[in-house]
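Okay, so subunit A shows up in both of these, paired with subunit B first and subunit C after.
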Partner chain A sequence: MTHSGSSLPDLPNSTSTSGPMSEIRSPPPDRVLEIVLENVLHFLTCRRDRNAASLVCRSWYRAEALTRSDLFIGNCYAVSPHRATSRFRRVKSLTVKGKPRFADFDLLPLNWGANFSPWGSALADSYPWLEKLHLKRMSLTDDDLDLIARSFPSFKELVLVCCEGFGIAGIASIAANCRLLRVLDLVESVVEVADEDEEVMDWISCFPEGETHLESLMFECVDCPVNFEALEGLVARSPFLKKLRLNRFVSIPQLYRLMHRAPQLTHIGTGSFCASDDVAVGDQEPDYASAFAACKSLVCLSGFRDILPDYLPAIYPACANLTSLNLSYADVNADQLKPVILQCHKLQTLWVLDSICDEGLQAVAATCKDLRELRVFPVNTREEVEGPVSEVGLEVISQGCRKLQSILFFCQRMTNAAVIAMSKNCPDLVVFRLCIIGRYRPDPETQEPMDDGFGAIVMNCKKLTRLAVSGLLTDQAFRYIGMYGKLVRTLSVAFAGDSDQGLKYVLEGCPNLQKLEIRDSPFGDAALRSGLHHFYNMRFLWMSSCKLTRQACQEIARTLPHLALEVIDSQEDKADDHIEILYMYRSLDRPRNDAPKCVTILQ
Partner chain B sequence: MMDESRRRMGGRRRSHHKFSEERELELRLGPPGEEQEQQEEQEEDCWSHQHNENKGERNSDDSDQSPLSLGYFSAQRIYNFQPKASSFLQNMSMVGKESKDATSSQPCRSEVMEFHNGAVCAEKKPLSSPSSANTAAPNNSSQKRSAAGPVVGWPPIRSFRKNNASGSTSKPPLGSHHHNQQQHHHHHLNLNNVEDKVANTTNKELVNNISGTPNKGMFIKINMDGIPIGRKVDINAYDSYDKLSSVVDHLFRDLLSAQRRNSCGAGTVQKQKQEEEEKTMILDGSGEYTLIYEDNEGDKMLVGDVPWHMFVSTVKRLRVLKKSDLAALSLGGKQGHINH
Partner chain C sequence: MDAADIKNLKATELRLGLPGTHLEENNVIITEEKSSLSSTTPVLNNNKRPLQEETSPANNKDCGSKCSNNNTDDDAAPPPSKAKIVGWPPIRSYRKNSLQEQSEAAGGIYVKVSMDGAPYLRKIDLKVYGGYPQLLKALENMFKLTIGEYSEKEGYKGSDYAPTYEDKDGDWMLVGDVPWDMFVTSCKRLRIMKGYEARGLGCAV
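Up next is the complex of A and B:
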């Protein structure tokens, strides 16, 4: 069915394909167009463009399938590994995403699925030339990592985001066996580490001797001590290393040494950013600022996991060039932040804790005129009446940072006025995620629901593709979203809405909706049915603690055969038919067979 | 795996009511909780279907009502409890604007308390929401909502982030801080008898606790027989065994659900009771599984033996076990623990 991928394929009825001389003869006329097409398609990198090209006709479909080298699987259960590897024969780089996002917040049972193993074996069989693997929210074991390490001699990049199930042994195998490794990024993953009293495997020492190809090494989430001597040696023999993100077991004096070893670093995760335990009182400490001055290409700083704010001034030399600063683990107040932030004129990305208060946000707004992304995380996650950041901070940010594109803001109180102001001041907003921690909170000034604020966002921010809502919201908010949120692709809803009508507005009004996650909202069967026309266009729908019944889900499963409806419930034989969690996604293949007992897949 | 070398007598388990008594006797700055309970009974506009259900479970949350535990407040803002008899919506507007005597008795603090620390009502499982939403009048939005206590997965913040936020502005002034910190490190290194290999979690936790961080997350591992992937739970996020039990239930619901099906009553059992049973299944001994923990001295103990705050300060890891396995393993009780 498919060609081998070379420019001159073997035709079944060809008479002149023996020996090297046949390569020189021009191809048959009906193949010319395909060859041209394949060569042209090589330049097509965007997967949406490729998807479109593949729909033109069969030969374009084939050509596109042969030339796609970057494969993106948005939902690991949407297609089987076999289907993917059968269609795309020359994949060098693969991205697979597994669990839905609400798994991050413990809403999904631990052993729900998203196991990498079936993909691993399929890849090992079909793509021995594989170079890059990027996994998000997948469950993979040490054996899986070992398989990756041993199956792909050209392997260059491993990026694991929000993954789990593996431990140090797996990482060590990657380090030891992937000789051409350039990127090893372990981000926000849960890594099984030894207990405090057990021996910790020294994975850093598993990297081979001699110069490495390492360009990026991120192990912030590997929560166990590392052999610093080995790490220093590794950094010293990695001349291409640009990105280094350390875990909290690396102290600031150790960071100092590493930075002097690798002044070419552009991205640094600073580790603990405090002194190690065995520094005695009165010890002479090195001039940490000199390290930051030495790294003249530094543009991105993160880490600060156990920061001693006294040390923060050490980063001053780097501030003027910083485009990205992540202080979201650093409990610093406004006074500690200001001297730093007032120097960060080029900052585009800032992640902070709300410990900086509205006052700190004021300083950000005053200086960071180029800010594109802001995330403000809460120190205290309990529902309070007041908090350190509020509508005041949001409003000053909107006034100072007009180029803002993405915001994630946790707070205890927010007004419609501030949100409306942001919608007008920041027309470039693509991502607006506001989390008022207290559920069902109205506008504290007017006692109104937060409908108008979010309505203004969808109305005025014409580029908006991602929205997360909170606070007291009626169906009206969803009416606005349905009316104006025409580009919205991802919508997160929690504790909001009055009736089925709310969800209906969204499902009927948002043609680009792909990811919808809803929890604890009064949307029921009628609302779900209103999306039948659209569900095949979506990557997934998540509804937990809503008003759905199993019967309605069953009907939908029968109506739309390529839809997998996973009902996750901990009870059977209940008095009513209501279900706890519905996770629904389109799928070309048979329902998965690796689901735990609490998951029922309706078909 | 379990350390079989430590064998202790099983401990007697206290009832949950004892916890609430102890809580109420603790020194608090806020008004006592009992008045509030009575007030809530009288509240009409409470979306009180869930409210009334929660009443009975309110036990160990009262101490959280003191202003000290509320986290961040700038000097100008003084937390107050607003004595308004009107609807909660009005209450919300008043709170934070006036400063009043926090200890004056309040006729109608109930709604305020709902949002206060989020810890007033015992945690409601998401399972209960569909039923409450069903019974509510669809047109009146405020009635069917209950801002109950801490809810699983809310706010939507990943657990490692909660773990690492160190959570307090109560650090000493800049000049003296560095040396004091060093001294603390040394001091507690010796006390703890921790081997000097590497900086480890226990050390850091201890140091961080010294600097007075009431809201710092403290993560401990929890494993269950039969499930290879463990989890970490933030012990500081809960303030009662009920809530811990509920979270454990969520995490391991697949295996726990099987035994829940067996031990739950027939359809005549009311929803509330059912939920209570589910929640406390793992702790009250009626199910097939039970929860044990390992404390800071390596002893295995039955969860629920000691007061919550003592449990929090000594727990090092948790394990969900089949009760049949438990019989073979004698655990430390209060008696045994003191005697070493």
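Up next is the complex of A and C:
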């Protein structure tokens, strides 16, 4: 077992047959090949390639297991921590994903699971050299964070996305104990902050004195005031800091000071972007634009909480170099957006609210010729007849932004024609997610279902791997997906389809399908059974408010022993056999024992 | 979470599904008053299950104490005329809560403005204007047109355009008919009408 960075194993005592007393410490012939292989495998970084390599033969399996340093666990319940740490002995970087995505929309009970603790203990035992930890949709406590902070002396990087269960104390422990910390990114996580009468812990002051190794600090979601003096001091002594995302308690004048302290910043998340209490009426406000001019390497801007659009012109100096702009928490209209966006010629990623209207999208299309990713979120989430963005906006974007690869578009109305136009104008699309907020909405011009639009997307966008559908959809839409969506890995369906046939088309036609999430659609037991040949190849299947019965799920559980079928029901005694939620995933280990009462795991 | 004023969505919503397949009752439970969850029995369509409105596993007491589901109220009766589907549209609570905070903090009254013949819908914050003159000036600037003079008897003279609004009762009124404060609280959306329609509205007073 190797313990240093080198791949050469401790040599066994020489049993060379070439000489009785020779202490030639050359490895036996079969080991030579393994050593060569290990050295070569170091160059393999893509996990899919590594998975393939591990299947060649036993020695390749062993060599690959010894050399994999980045471990990705797509479902925390697919393997036990023990199984993972037993196979992979030299992991420096670990990614674990927990809850299914529909948990984000309150469809999963709060204490469902995805607890980090078992992983924490296993990691502390097996990987004392751990450097990086990325967690998504996991539940972790302050104690878990404390364990991380104290167990890994080389720890460099902590990224928590959509996590919950911890508070300021845990963050403070990381700040205080991880002396080599480079990255602390807390993204869209729910952080327990003190009640109003309690004092807020000053976690920023917990960073040790002296120069830090910090390269990235993101605490937008830590929703409590920070000690600004300490923050400014921290930024001043972090010469490697490139990415800084503040929370809404940092004001514009404070941001101004921070930017002048750290002109090397490349990614900035502003705090609140409105008139500050710090500045009295009549005071001369600093020239905020000068701060944006001083940060010459700025490529990514986000934040803009509580925006007062009057302050937007401050970012003009940065626009020409911006590749990423996130205004999705900023309610700005078209007239306020235009002077900004018309300068953003290099923009590749844009997140906005639909408050910019179709007219704003027109301005984007006219300028951002290099746009790769667009997300348009709704301000108003009610199901209405009209909305500020529509097929008009989608069509102009498709005409102007030909390099588009990923789109998420919320709207109240959409036509097949516009979707078809996008499928033809944007052949590089990899991700197409359209959410027509009004359920069962047909094409308002033709009164037809939206089948043809989505059909065109799967037909024409040959690189498509992720698709989310909406609007009025019949089984025909799914027939198209099954026929043409051969590369689709993730599919999201809601309030769609007519019968079991719809789901059958997909399960039988999409060989690369890995993640399938369905809600409120009339798919039942027969449809579920049609996927038996494929379920082991999938990461998970989610079906809620469909037409599944417990009996059918039980059958499947018996037929496929390595599948965990979690049936989640809010009512205990039910008259009929129909279930509310099925969450199904492949798993190499016994069913988990940390599930709440409303979850039954069928075997 | 949202403003509580969705009355009868069916009446205002244009929905034309495939004839025969999708009935007008598409399982959205919209009632004026809901005394308890069980009193709303959805109309069942052959192919569709009743929607689980305002019920979700998160409500179940067995599943833990803290409930972050903003869509449901406690044991008391839910507010009337609220038709909400849990988790729809699919927007993360984090994002919804952030925007909610902002709009509440800002206290703006946002209404949509449409103009006959214009391709884009606009949005304005009525709170920003002190009275009708400022509002009309803003509309003129926004749509590059002249609106003309308001008179009680004859509506808007001197131009082809007249600003109208839909009030809380669903009636279309001429902007200026009621005192400003009443207008601000009752206006749901604005529409700049063109031609004879506008004149007709004015004369109906």
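Throughout what follows, the second predicted complex is superposed on the first by the 578 of 603 C-alpha atoms of A that agree within 3 Å, B and C clash if a C-alpha of one lies under 4 Å from a C-alpha of the other, contacts with A are read in each partner's own complex, and residues count from 1 in each chain.
Here is the rule we use: contacts are C-beta pairs under 8 Å (C-beta built on N, C-alpha and C of every residue); 3 or more make two chains touch, one makes a residue touch a chain.
None of these values were measured; they are calculated from a predicted model.
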Superposition on subunit A - do subunit B and subunit C clash or fit:
clash
According to the stated criteria, A:Pro109 is in contact with first (subunit B), second (subunit C), both, or neither; which is it?
both
The answer to whether subunit B or subunit C touches more of subunit A is B
Counting only touches as set out at the top, which of subunit B and subunit C does A:Val392 meet: first, second, both, neither?
second
Have a look at where A:Pro591 lands relative to subunit B and subunit C in the superposition and call it first, second, both or neither.
neither
Considering only touches as defined above, state whether A:Pro313 meets subunit B (first), subunit C (second), both or neither.
neither
A:Gly233 contacts which: subunit B (first), subunit C (second), both, neither?
neither
Touching partner for A:Cys357 - first (subunit B), second (subunit C), both, neither:
both
Out of 1-9, 181-189, 235-243 or 307-315, where does subunit B run into subunit C after the fit?
235-243
Just to be sure I follow: which residues of subunit A are touched by subunit B in one complex and then by subunit C in the other one?
102, 104-107, 109-111, 162, 188, 190, 221, 305-306, 328-329, 331, 333, 353, 355, 357, 377-388, 410, 435, 437-442, 444, 447, 449, 472, 474, 492, 494, 498-499, 519-520, 522, 545-547, 570-572, 578, 580, 596-598
For the subunit B and subunit A complex, residues of the former touching the latter
70-74, 77, 79, 89-90, 92-93, 95-96, 112, 115-119, 126-127, 129-131, 133-134, 136, 138-139, 141-142, 144-145, 147, 150-162, 164-169, 171, 174, 177-179, 181-183, 185-186, 189, 196-204, 208, 215, 221, 227-232, 237, 247, 249-254, 256-258, 260-261, 264, 267, 271, 317
Under the definition above, what is the set of subunit A residues touching subunit C in their complex?
102, 104-112, 162, 188, 190, 221, 305-306, 328-329, 331, 333-334, 353, 355, 357-359, 377-388, 392, 410, 435, 437-442, 444, 447, 449, 472, 474, 492, 494, 498-499, 519-520, 522, 545-547, 568-572, 578, 580-581, 596-598
In the complex, the residues of subunit C that touch subunit A are 2, 6, 9, 12-18, 21-22, 26, 28, 47-49, 51-52, 55-60, 62-64, 66-71, 85-96, 98-99, 102-103, 105-106, 110, 112, 114, 119-123
Quick check on the complex: what are the subunit A residues that touch subunit B?
102, 104-107, 109-111, 139, 162, 164-165, 188, 190, 192, 195-196, 200, 221, 225, 248-249, 251, 274-282, 305-306, 308-310, 328-329, 331, 333, 353-355, 357, 377-388, 410, 435, 437-442, 444-445, 447, 449, 472, 474, 492, 494-495, 498-499, 519-520, 522, 544-548, 570-573, 575-576, 578, 580, 596-598
